[in-house]
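You will see two complexes here that share chain A, one where it goes with chain B and one where it goes with chain C.
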Partner chain A sequence: MPVRLAMLALFRHPARTLLALLGIAVSAALLLDMVMLASGMRENFKGFLMLRGYQLRVAPKGTLPFDSDATIDSATALVAAISKLQGVTAVSPVLGAQVQTIASRDSTVTAFTLGLFPDVQGDYEMMRGADLADSSSVLANDKWLAATGHVIGDTVMLAIGYDPQLQTVVGQRQFVVRGVARFHYIAPTQPTLGMLLPVLQGMGGSERRDRASLVMVKAVSDADAEAVRTRIAGVSPRISAISLEGATEAVEQRLGYFKQLALVLGSISLAVGVLLVTTLITIGVNERAGEIAVLRAIGVAKASIVWQVVMEGVVLTGAGAITGIGIGLVTAKWLERILSDFPGLPSTFRFFVFQPRDAGVALAMLAGAGMLAGIYPAWRAASMPIAVTLRREAVA
Partner chain B sequence: MSAIVEVRDLARDYSMGSGAVRALRGVSFDVAEGEWVAIVGPSGCGKSTLLNLLGAVDQPDAGSLTIAGERIDRMNDAAATAFRLRRIGFVFQRFYLMPALSAAENVELPMAEAKVAKEARRARVQELLGYVGLAARSEHRPSQLSGGEQQRVAIARALANRPALLLADEPTGELDAATGLEMIELFRRLNRDGTTIVVVTHDAQMAAAAGRRIQMRDGAIVTGEAS
Partner chain C sequence: MSVRWCIGLLAALYITAPVRAQVIDSAPSRSPLVRTIALDARLAADHGVQLGDTVRVSAAPGDSLGERAVVSALLARRADPSEIARQEYRARLHLDHLQRLINYGDRVDRFAVQSAGDAERATLLDAINSSAFGFRAWPSAEIAVRTSRTFQVVRRFNSAIGVITIVASAAFLLCILLLKIDERRRDVAALRMMGISPATIVNSVVIEAGIIALLGSLAGVVFGLIVARLVNWHFQGVYRTTLAFTLVTPQTVLFACVLSVLLGTVAGWVAARRLVGQPALTLLGR
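Showing the complex of A and B:
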């Protein structure tokens, strides 16, 4: 009966209830978006790093992968040493460098270029054409093709360290564009190329000879990753082995303000929801003071009155929350589109990741907020002096 | 017949501004089981205060009040609520039905609170609505009923848990003369069927129909006379 009475009390003023419900829905949507933003980035980043199943990254000591221009020397020996470690199933060294495409004396396109081995690589997926096969092959992304006007099959001249004033280069050679790839960890707005690691090392002169920017390592299983990380750390004092958790934490520290923002906005939306429901239910309780006093007079217990009023808050908040989840998912998609245009972000990176757990967290928080919102008006309703209220109602 | 209501030296003061108003002073009387008592008197004489005390919705400042063998003047809120639910039936001047519930649901409400089984509740609702002549209108909401019909539903609700005492505060106050007479007939039938009734009224015909009248003035009983 209390639940039914709560529902009926809400339906007594349908327009007012609908407006309040929409207000709560907006709060719920914001809360869901903030929960998705706070936990989504972490979860997404983990999935992002695990795209090809590499649990570990090895970078120059004290740096994160591609955090600086620092590189690891004697990469071949390091890869060989890591490959021999117990629990390691694949090792993929990667070198990053700026490579110029020389179209004419005054026209160059600078591309971020990855040197890697296609059989163990975890950095790209083929979109069109053929994969890297020999030292003259190069892969490009759509942005590079658009910037240079080249197509698959074209022969191009690529250079490292090109100085347009002096017309000098550190190294250059001819390549054939074999295919188009999407590079997971690089923004789609950045012209990008991929070639065999030894070729890029060779083009870079002594500065890049036998060097790697990072080495990706695949362990037998996720459970073995930490043990493998410890073993890798013992291989050389010049490297840092970073696990998925370590990388996630490092990124989280850097993106901490997103989480703080989410926390603040989520708390505000929750507080607004609580105040909205409290206000509405309190108005309803004041309007029904006579009815409540009569219920008490005919023997309805305080606990039943409290339960009825709290249920009003929960029902209102619950309905608003369910509506809000739909709104939240739509707004998250919209915000995602805006944020994905942020310069420098990889195409596969997502800020808002919907997980049923997030919706559960948002719903649980709102249900708690609904109960909290009902407590004050419920206390008011239950503590009304029956005789005085009935007399006041009779006079009114 | 044994007394179902025993009132002894009952006093109730209300604070008003800087002073206190003596709403009741030294009120004593008994009501026998199966009796119908009308409390009459001018406005502000303490009738409703007395009814609230009899109904355990207020507590006296002094004196004792025993209903059906239980001292209700010493009860805490929870005990008084439980007592009201099972031993007292309330009828108000303005009916005070729950507007969103049907007539049947309004009658069912006290039984649901008393955790009466659903089947038993439904049967009792039909019995009571039949008793007050509204069996055919059980699914109507209060707004779809006349004042007299609403008061009949309120009476059915008051009787739901078979109370020891039916208290009515100006039950004909909102009704026209003809409907008021129908209500008096209903009270007469209720009393004849064994219900103990205490009614506060300004209605001379209602007071005359009662078995005994208690006349009050300035918070005290002036006379108590039988019809």
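Showing the complex of A and C:
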């Protein structure tokens, strides 16, 4: 009954109610987007790091993986030491370097190249062709193939750098393109290659001998990961062992601007929504002062009046919120498209991830806001002096 | 490299590498062999390093082969948006010092070249690029464009959020003004009964709505200025930078005021037309 009365009261002024619904729907959409943005990045990043089940990353001390040019020395010994630790099931060292694809003397294509071991790697998945098999094999992504015009089976010349004084390339070597891979952690717009780790280390000369940019470590179970991380940290003072939580926190710190923006905008849209609904229902209550006084005069309880007015706020906010979830999903796609242009962002990374929990949080917050918005007008309606209000209405 | 047509040329060499610093002595070093180093002011504040202190710098953590250096300057963090999210400390060493420290040989990562004038720039670029092997010269403006993609994305994201906020605000503004004018139905009925023309009533309501919208937007500007200060204070503290995160510009103020007055006037006109379109007795509830 209170819901029906609330709806009747709202439909008394359809234009006003529709405008309020539109405003609340857009606010609800913004709130949902901001909740999705705030929680989505964290959840998505965790899943992103766990693509191949490696819970831990080992990077040069004080850095995040591939955050600087710093590398870990004596990588072979480090990998051996980590492999022997209790709870470790797989260890995958990775070296990153810029490699030049020599097309002609004046034409080269720079590709980011990963040196790794295919049997333990967690960086790519094969799309076409064969995996790395020997020291002359190289894997490429589609962007590199498009930039160089090469296809699977082609023989290519790769070099690690230049010597401007001698006007020649250094670390030059011949490879055969064996297959096409998708590299999980590298932007699809970046030409990328993959080769065996010792081969890339060898091309780099003394600078990259036995070095790795990153070592990925798989623990027996997620529960053991923290204990394994502590053990790894004790292996060498030159490394940082980073857990899933540590990496997520570091990235959240970097992307904190978006999270805080989401918090500020979400709060503002909620506050403005509460103000609007409060104003709308207060004016509605003032307009129906006579009716409310009559209801009270014929014996309708105060609680019933309060409940009806509060329900008016909840119905208005609820209807706006349900419409807003649809709008929010559409605007989230739009915003995702904008943010996907971030340079260097892997194709699998998402900023907005819809989770039913997010929609539930947004709906609960809006329902609470609707109730809050109805409290003041409900109190006003319940505390009207019956006789004075009836007399004033009769005179008017 | 021949650059004979360049009247004045100033080159600066840059090299970047991760370097570790460790305080070993607070007394100023008098040895002429100890090189000077400029350290990040945040590092100095966080670890109690002062000007004149002697620190040990090395290419790797725990490296006992590092060198001693005297802190001769503290670097304030630049108000550069590309740096704010990065938490690592910065240090500046003399080029040869850093090259030796990290065993980098006679190499640099980049040169900065200052040309004599804008007219010389294109010729100079061609000259450098035609003689270069393994490197390429770029105009600073182009580098700025290439490296500013992140901020273009942020700007587009903020603009999109702005559009959504404007739609919500517009709906709220229209709704509030409709309510405000709807409340005046009895006044309007009385005016109609006194013989005031509908056009006069519509005009007066529209003017009233416009004034309310203008006053509201001016209050909004004051509120916006306060919020902008709070946002800047908060984020400058979080990122330890002097970068301004929000700016209330005259254009922003003008846009907000014009938009709200326009919306307010339209809402006032729609509401007034609805009111004068009804018989006076209906407006009175008879």
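Criterion: the second predicted complex is superposed on the first by the 392 of 396 C-alpha atoms of A that agree within 3 Å, B and C clash if a C-alpha of one lies under 4 Å from a C-alpha of the other, contacts with A are read in each partner's own complex, and residues count from 1 in each chain.
Note that in this section a contact is a pair of C-beta atoms (placed from the backbone, for glycine too) under 8 Å apart; a residue touches a chain by one contact, two chains touch by 3 or more.
Just so it is clear, the model here is predicted, and its values are computed rather than measured.
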First, second, both or neither for A:390, with chain B first and chain C second: first
If we overlay the two complexes on their shared chain A, which of chain B and chain C does A:301 touch? Say first, second, both or neither. first
Touching A:11 in the superposition: chain B (first), chain C (second), both, neither? first
Of the two partner chains, chain B (first) and chain C (second), which one does A:20 touch, if any: first, second, both, or neither? second
Where does A:93 make contact in the superposed view: on chain B (first), on chain C (second), on both, or on neither? neither
Of the partners chain B and chain C, which touch A:260 in the superposed model: first, second, both, neither? second
Of chain B and chain C, the chain that contacts the larger number of chain A residues: C
Taking the stated contact definition, name every residue in chain A that is touched by chain B in one complex and by chain C in the other, in rising order. none
In the complex formed with chain A, which residues of chain B make contact? 48-49, 52, 55, 57-58, 77-78, 81-86, 88, 90, 92-94, 96, 98-101, 109-110, 112-114, 157-158, 161
Chain A to chain C touching residues, read off their complex: 13, 15-16, 19-20, 22-23, 26-27, 29-30, 33, 60-63, 68-70, 73, 161-164, 167-169, 237-238, 253-257, 260-261, 264-265, 269, 272, 276, 279-280, 283, 286, 331, 334-335, 338-339, 341-343, 396
Touching chain A in the complex, chain C uses residues 16-18, 20, 60-62, 85-88, 132-135, 149-150, 152-154, 156-157, 160-161, 164-165, 167-169, 171-172, 174-176, 178-179, 182-183, 186, 231, 234-235, 238, 274, 285
With touch defined as at the start, can you tell me which chain A residues reach chain B in the complex? 1, 5, 8-9, 11-12, 290-291, 294-302, 304, 386-387, 390-391, 393-394
